[in-house]
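In order of appearance the chains are A, B, C, D and E, and numbering begins at 1 in each one.
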Amino acid sequence: MNLSLLVLVPTLTAFILLFFKELKKIRMIACIGSAIQLLLTFILLFQFSGLRASGDTSAMLFYSSYAWFPELGIAYTTGIDGISIAMILMVAFVVLAGVLVSWKMEKLSREFFFLLMLLSAGAYGFFISLDLFTLFFFLEIAVIPKFLLIGIWGSGKKEYSAMKLALMLMGGSAFVFLGLIGLYLNSSDANGMHTFDMMAIAHHAVPLNIQFIFFPFAFIGFGIFGALFPFHTWVPDGHSSAPTAASMFLAGISMKLGGYGCLRVATYLMPEAAHHYAPIIILLSAIAILYGAFATMMQTDLKYINAYSSVSHCGFVLLGIGMLNQTGITGAVMQMISHGLMTALFFAVIGMIYERTHTRIASQLGGLLKVMPFISTIFVITGLCSLGLPGFSGFVAEMTVFMGSWQHAESYYRLATIASCASIVVTAVYILNATGKALMGPITNENYHQLSDATWNEKLAAGLLLSGIVVIGFAPFLLNDLLSPGVNNLMTNIGRNLLLH
Amino acid sequence: MSTISFYLIAAFILITGFLTVTTRRLFRSAIALLFSLIGIAALYFWMEVEFAAAVQIIVYVGGIVVLIIFSIFLTNNEGVNMLQALSKRSLFSGIAVLCAAAFTCMLIGNNEWSARSAEVYDPAVKKIGYLLVSNSPQSYVLPFELVSILLLAAMIGCIVIAMKPNSEEQ
Amino acid sequence: MIHEFLLLMKHELLLCILLFFILILKIADHKKSNDQWILIVSGLLLFNFIAGFFWNSGGELFNGMFLLNELTIFQKNILNLGILVVSLQAQPYLKTHRHVPEFYMLLISTLIGMFFMISSGNLLLFYIGLEMATIPLAAMVNFNLKDRNSSEAGMKMILSSAFSSAILLLGISLVYGLTGSLSFVEISTHLTDTSLLLFAFVLLFTGFAFKLSAVPFHFWTADVYEGSPAVVAAYLSVVSKASIAFVFISVLYHVFGSLENIWYGIIFVTAVLTIGIGNLFAIRQDNLKRFLAFSSIAQVGFILIGISSGTQNGEAAVIYFLLIYLFSNLGAFGVVTLVSAISEKEKISDYKGFYKTNPVLTWVLTLSLFSLAGIPPTAGFFGKFFLLMAGAAHGNYLLVGFAAINMIISMYYYLRIVKAMFMDVNESPIERIKIDLLPSISLLICILGLLVTGFAGTLYSYIQNLSAGI
Amino acid sequence: MSQIPLTHIIILSTLLFFIGTYGFLTRRNLIAMLMSLELMLNSVNINFIAFNKYLYPENLDGLIFIIFIIAIAAAEAAVAIAIIINLYRNVRSIDAEETDHLKN
Amino acid sequence: MNLPFNLLLIPLLPLLTFVVLGIFGRKYLSSISGIIGTTSMFISAVISIQTAIQYFASSPEMHLQQIAWKMVWLPFSEDISIDIGFLLDPISVMMLVVVTLISFMVHLYSLGYMKGENRFATYYSFLSLFTFSMLGLVVSINIFQIYMFWELVGVSSFLLIGYYFEKPSAVAASKKAFIVTRFADLGFLIGILILSFQAHTLDFQTLIQRLTQNGSPFLHDAITTSFMGVSALTWGLLLVFIGGAGKSAMFPLHIWLPDAMEGPTPVSALIHAATMVVAGVYLVARLFPIFIMSCPVALEVVMWTGVTSALFAAVIACTQTDIKRVLAYSTMSQIGYMMFALGVSGSGGESGLGYTASMFHLFTHAFFKALLFLGAGAVIHMIHSNEIKDMGGLRKSMPVTHITFLIACLAIAGIFPFAGFFSKEEILTAALHANKVVYGLALVTAGITAFYMFRLYFSIFWSKEASQGDHHHSEGTLTMKIPLILLAIGAATTGFIPFGEYVTNNGKPFHSSLDLAGAIGPVLVALTGIAIAMLFYKKQNDRPEKVATALSGLYVAAYRKFYIDEIYLFITRNIIFNILGKSAAWFDRTIIDGTMNGIASVIAWNSNFIKNIQSGKIQDYALYFFVGVFGLTLLAIYLVN
């Protein structure tokens, strides 16, 4: 299968959307487009597994490369390994669910779905890119739709949040850009030319002094996308102001771009520097985990709760990466996928509640379990996933990260791990607080008695995401088998370079 | 003799030039400019570049200064003094210009000028004419034609801008 | 000889013919309506643009005074495209103006000047071309005859450029005195690094910097853009700037190439100042034209970064960027021209709620601004990326880092306008604007250009092959 | 003539140039500023002639150049005056300090 | 022996029930959900009992560990992976029986007790979920598997406590239960990490083997590595024990258990009396070889924690007025017994008596405590109150409940020939051999236990002579009575099972003979307790108040549960919320957000600051131009030199 289809389908869907006006048609097209995309990713997954099963051990499958700006060493190079295909799958789920929960987007519906599709195209492109330029291109494509989505369809102090998000993410990409330029100018391909090709850069180790300069740029840059402490401040505002689907995309897709970039670009291409800076990464991510959890505890707005908890959860991603061992990195990838699905579901549910009650303040709600049992149940399930209950993906990912980080015997690492472990208690506190206030207890507002439960599209969306969460939760070995060759491949680079050290 | 006349001409140019930029009566300033330009023409004569001197007199003295004086009449009631420059501006400009002038003169003074050849300078009008309008490879016919277009454009521009709209009702 | 003459000066001669054709038509026939004029001239300019691609050859005339090669042809074609778009965009403005043919004559004469400037192999021709590209423009800036701002802008333009050309002339005279020649080739062989020559070089440099509006020689820019008719501002900001940038590169690389380490330092300082000051001023503007002026100043900073590299890639990146910049800025100005011609609103605050009434124009403006900001998938992203990449090739990451940080600031002010159009509510938004055929063609060209150019790797390859670096 | 060093002529022109600059920077009347500009241009002309005559007498580049400078200066002055007159019509003033509507 | 499929049905049936009832129950199966749940539980129970019989019969001389089924669930690295499997060994088989049996009883009982509830199907699905999780826990082959199911039982407990979600107190209690146990689980998790790091495995068999064998390098490493003067192994075991203590409500992590009584009473019987709360004991028993062979220090901690909790809870139980809370504290106290029984145990044969006794007590306790709760449930069902003061004289109106309750009380008090007598006797014997202080405390506890149980019994069924007509409700449906009777039979007879034959710490059966002489003392103590209770509570009188006033300090302290809740509240509210939470939130809003906004305002300020250089005056512009020219010239000249 040609990987470019993954970018093409959403892009085409987006452009077809422009020719229609009625919401009914628009959402149908968007839905069909995303469904086709999901189907495609499944086909891809099966073909991928087939190839792997037939003994194809090359690092990247479905590899293809077209010269784009040959003078500058820029090519449109695509290829996937288990990590990227897992991410792609996750994105496809989130996109379809996002379209489904936006079923009643009356305001400027055409533009809304257009932007959603564009954003998803950016994300797909990002995950299939093996060329740094292309990767950066898609990374930036995914930024601006968010600005518009939040600013136009958002709520609360949406303009401020939209601007903050756009500027901070642009700041992130500025850092990424510097990192990429540094890599580029110290790379050489087979012909001795500078190149943006990741595989070539990985093949010719980047000089150490260059790594030490540019690793922080690349890592912080992607880290801003991935809510690296203390650059996470766009997360709460952005998420809480965004419309439901945009929140889902933000948490489920955008933040993952950051984590993936930290792994695939910063760490993979500059492993020595990664080792050198690992203590700092670990410190920051441990702070993010705990601090995010504590900050969440004080939030009253459900979206803020989820947004801050995203900061905490995404800390696990960076923690796993910072551990620089197979288990840790596998855990980080798992956490990305798990968090993507879970947070998307969480935001979807919060959106459903908000649509009905017009408030997101937990204490103003209450007793919702009685009037909307489906939505509330999903909320509880997501909450349980968030606090790392076995049977859901969150547990698998977090435990893998813990296992990975515990493999380091130095007390510094131990301390960071224990601190991160402690967050599972805090998470339980805020999740249960929110559930207790919002869903349980007596119904405080008389009007709530008339509220309706989820509609079919909302149920479908929730079911989609939930199925992902539960499948991973029950059969993590599937995900692990998918990821491990890819992670192995990353590890060989890190290992090989360690010897040079 | 020649030396003295140079310094005299130089002094004349500078003094009238200075007057041009300092006198507060606009018309007087224009007259000072006129004299300064004539002084420069004299300098060209002194340097035996008569053609340049002639052009200077015809175009500047006969054209531009007249234009300026006309415009002064158009825009100003003659006899009203120009307002004094803001003292802050005079001060800063004066300092900047003095420093710059000193600096530039120092650069010029330190520079060693060397003639490339010992040929005699021969600004004959015929030669100039040949250079300007022949079609030989060395000629300047291209800029010459270009300037004509420029003058045309400038003329159009002037007409459009300065022409009083004759029929307001349109 | 004459055949060669015609062939080599084809671009210029075509424009001259056009100029005189309009002049004669104007004198012969008073009765043409403005729309007819606009249609005729635009048609001719389209023909001129197309003709620019055919019967091309390289060579030199008048002892190297006039040079032509594939690169300069390409540059002239870019400018031809620019003037075509501007001419199309002028329609809503000129529809009610009393001096349509004059406007086009002035416009074309400036382009002739720019073409000669680009092809000049000699300081004299360069100087005349430069003046020719400036003086009629000043008249055009003052084309809103009854508007005091327009006159003030015209006055500022003509006086500043006269001041600047006086300083440039001083530089030229010193260069002449130090090298004994006006020809670029000879100057480059007689270069030394005495202080006086450096002084002369800086004086020359300021002539370029003034026209490019690099800080601190940029002050006229904003005032002039604000006061002049939007379409003239567009022309100033795009065509005029692109032409001077082309010449700047070739003069810097091919004439003063041996002074690279000196002009690198100068450009470094200028670029930092230009980006920084441009951004700081752009943040606080409310008038859209004035805003675009400062944003274009900041863009010049990026161009300077590209120029500073001195490599083949750098030259190619700058030319590529200017092509993209043409589409982006003309797209933005196209909308501004339309709106200001019809509703006379030019403030950003007036654009609040613009999306409600004019969705198409909003998208055009948005895409143009995105391209200016360097956001993919618009071409501006590629342009800026390559510029900065070229700038970093010198190993000077500091400059590139500074520029990258400043891109965030620039992002803010571009998004501010997008926000106003899409998100802010307004009681009395700009009414719905009917777009005529010609402006819509121009906007279409811009949008297509800024969407397609970036992906056209072959175009970049083509430019790259034409470029040489130092 | 040979007693007069070239440097003196150049310094003369330089001084004239800076006198003109000073005028440009300080005169409050726009036309007076234009006059100062003419001084600056003239000083450059002196330079050209002097260099041409004393250093590079083998051709007439400098002389030709000043012819063009003078022509262009005329055009420039004409347009400038036209604009200034137009400005005067609109503002009834040509004071350099008062024409500052466009700023910040 | 059995096909794995057959075995797997034991946990999978409840899981299936959970899924079916969870998804379809509410809408389609509401009326028959109870029957579905009970049936599937019945099948599970039958299979378990059959399994137990087959297991113990297959090799009477040596009860080996068998892994009936396993799969790799999540590999972390080559040697460390989470495996899911089905372990058969004496304690897991015993637990299978206990869990399925009690669960079946509770299912059956709930048919009547929960009848007419709105969320009947949900209730049964949660019960099934719990049963599944508990079964998964007991058959774990891997320490991480146990942790997973540990969390799952925690969450099902949370869901069931919060079943009456409209009652704020239930919500709060469920939250508390979950968070407190979660906190303990943190210790468990870190303990697992430590053990897995030291032993390079998560598998129980390998783990135990590597950490007990003499000369094993892993063991050497685990003992020599130390942190803060304590060896890694001890740390690991203690942290794991913290997890166990949290789940088993050991002091000081017990505070959630009394509050957990907000759940429906059958749930309390199942989860908070018979099964889940003994998971901690089970965990220690599971890792017992490591404790006893390599780390006696940790075992000592287990012992002291157990005995402290036993006494502490018993004292509090005497003062509580809510019958379920009394039972909750009694549960805590009895689990304390099991814990310290493990703590005093040695290894193998006679010296391993403590281990066997602990498991024995766990087994018998399940029956009589479940019976007590179900009986209490029947009472509450009738009275609609939990308070002792609302009860009294019920022996006539609810005869079945009365008799069964009495049997249970006698059993827990340790009166011959009821089940409690045998198990408690073994524990005391083991304690006597190991540690006299512990023995003494245990004896005191036994007396107090008898006292407060009979206080309860007399207060409910005797005390005031209430008229028959007060209570129109019947005693309950048949489905409620059957479990009571069955459990009463269990409570009366299970003591005669020769437990040593089946459950020992090394798999070898041994014959424990009852030391009748030693049994006289404890029985006398218990009888004394009963007598005092009879004196105080058989008829209404003022003696209790008098004693309470006499011992006012102690009484109030005990009534207030020794202020442990308040301490926790102080810590969570003031330290966690106010200091950590608020400061984190403040820091985020003020410092981090403020920095970002600050950068923006600095730029805006700068922009405003320099606006005047663009003054609109052309001469200013020219001056800047002019200065710029010379500035750049100087720069150029500087660059050249």
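Criterion: a contact is a pair of C-beta atoms (placed from the backbone, for glycine too) under 8 Å apart; a residue touches a chain by one contact, two chains touch by 3 or more.
Please read all numbers here as calculations on a predicted model, not as lab measurements.
Visitor: Determine the shortest chain-contact distance, in steps, between subunit A and subunit E.
Guide: 1
Visitor: If you apply the touch rule, which chains end up adjacent to both subunit A and subunit C?
Guide: Both subunit A and subunit C are touched by E, going by the contact rule given at the top.
Visitor: Going by the average position of its CA atoms, which chain sits the greatest distance from subunit E?
Guide: Between subunit E and the rest, the longest centre separation is with B.
Visitor: Point out which chain occupies the most central position, where each centre is the mean of Cα atoms.
Guide: Central by C-alpha mean position: chain A.
Visitor: By number of C-beta pairs in contact, which two chains lead?
Guide: B-D
Visitor: How far is the middle of subunit C from the middle of subunit D, if each middle is the mean of its Cα atoms, in Å?
Guide: 27
Visitor: When the C-alpha atoms of subunit B and subunit D are each averaged to a single point, how far apart are the two points in Å?
Guide: 5
Visitor: If you average the CA atoms of subunit B and of subunit C, how many Å lie between those two points?
Guide: Whole-Å distance between the two chain centres: 30.
Visitor: Measuring centre to centre with CA averages, how many angstrom lie between subunit D and subunit E?
Guide: Taking the mean C-alpha position of each chain, the two centres sit 97 Å apart.
Visitor: Residue numbers in subunit A touching 2 or more other chains?
Guide: Counting only residues that touch two or more other chains, subunit A contributes 167.
Visitor: What residues in subunit D touch two or more of the other chains?
Guide: 10, 20-21, 24-26, 33-34, 50, 52, 55-56, 64, 68, 72, 75-76, 79, 82-84, 86, 97, 99, 101-104
Visitor: Any chance you could list the residues of subunit C touching two or more other chains?
Guide: Where subunit C meets two or more other chains at a single residue, that happens at 124, 128, 131, 135-136, 138-139, 142, 145, 154-156, 159, 163, 177, 180, 195, 199, 222-223, 284, 412.
Visitor: According to the definition already given, which pairs of chains are in contact?
Guide: A-C, A-E, B-C, B-D, B-E, C-D, C-E, D-E
Visitor: Per the contact definition, I'd like the list of subunit E residues that touch subunit D in the complex.
Guide: 611-612, 614-619, 622-623, 626
Visitor: Mind pulling up the subunit C residues that touch subunit D in the complex?
Guide: 124, 127-128, 131, 135-136, 138-139, 142, 145-149, 151-156, 158-159, 162-163, 165-166, 169-170, 172-174, 176-177, 180-182, 222-223, 226-227, 284, 290
Visitor: In the complex of these two chains, what residues of subunit A are touching subunit E?
Guide: Touch residues, subunit A against subunit E: 164, 167-168, 230, 232-233, 236, 291, 294-295, 297-299, 308, 326-327, 330, 367, 369-370, 373, 384, 387-391, 395-396, 399-400, 402-404, 406-407, 409, 411, 417-418, 421-422, 424-425, 428-429, 432-433, 436, 439-443, 476-477, 480.
Visitor: Quick check on the complex: what are the subunit E residues that touch subunit A?
Guide: Residues in contact with subunit A: 26, 72-77, 80, 82, 144, 147-149, 151-152, 155, 158, 162, 165-166, 168, 171-172, 174-175, 178-179, 182-183, 185-186, 189-190, 193-194, 196-197, 227, 576-577, 580-585, 587-588, 592-593, 595-596, 600.
Visitor: What residues on subunit B touch subunit D, complex-wise?
Guide: Where subunit B meets subunit D, its residues are 2-3, 6, 10, 13-14, 17-18, 20-22, 26, 29-30, 33, 36-37, 40, 43-44, 46-49, 51-52, 55-56, 59-60, 63-64, 67-68, 71-72, 74-76, 82-86, 89-90, 93-94, 96-97, 100-101, 104-105, 108-109, 111, 113-117, 119-123, 127-128, 131-132, 140, 143, 147, 150-151, 154-155, 157-158, 161-162.
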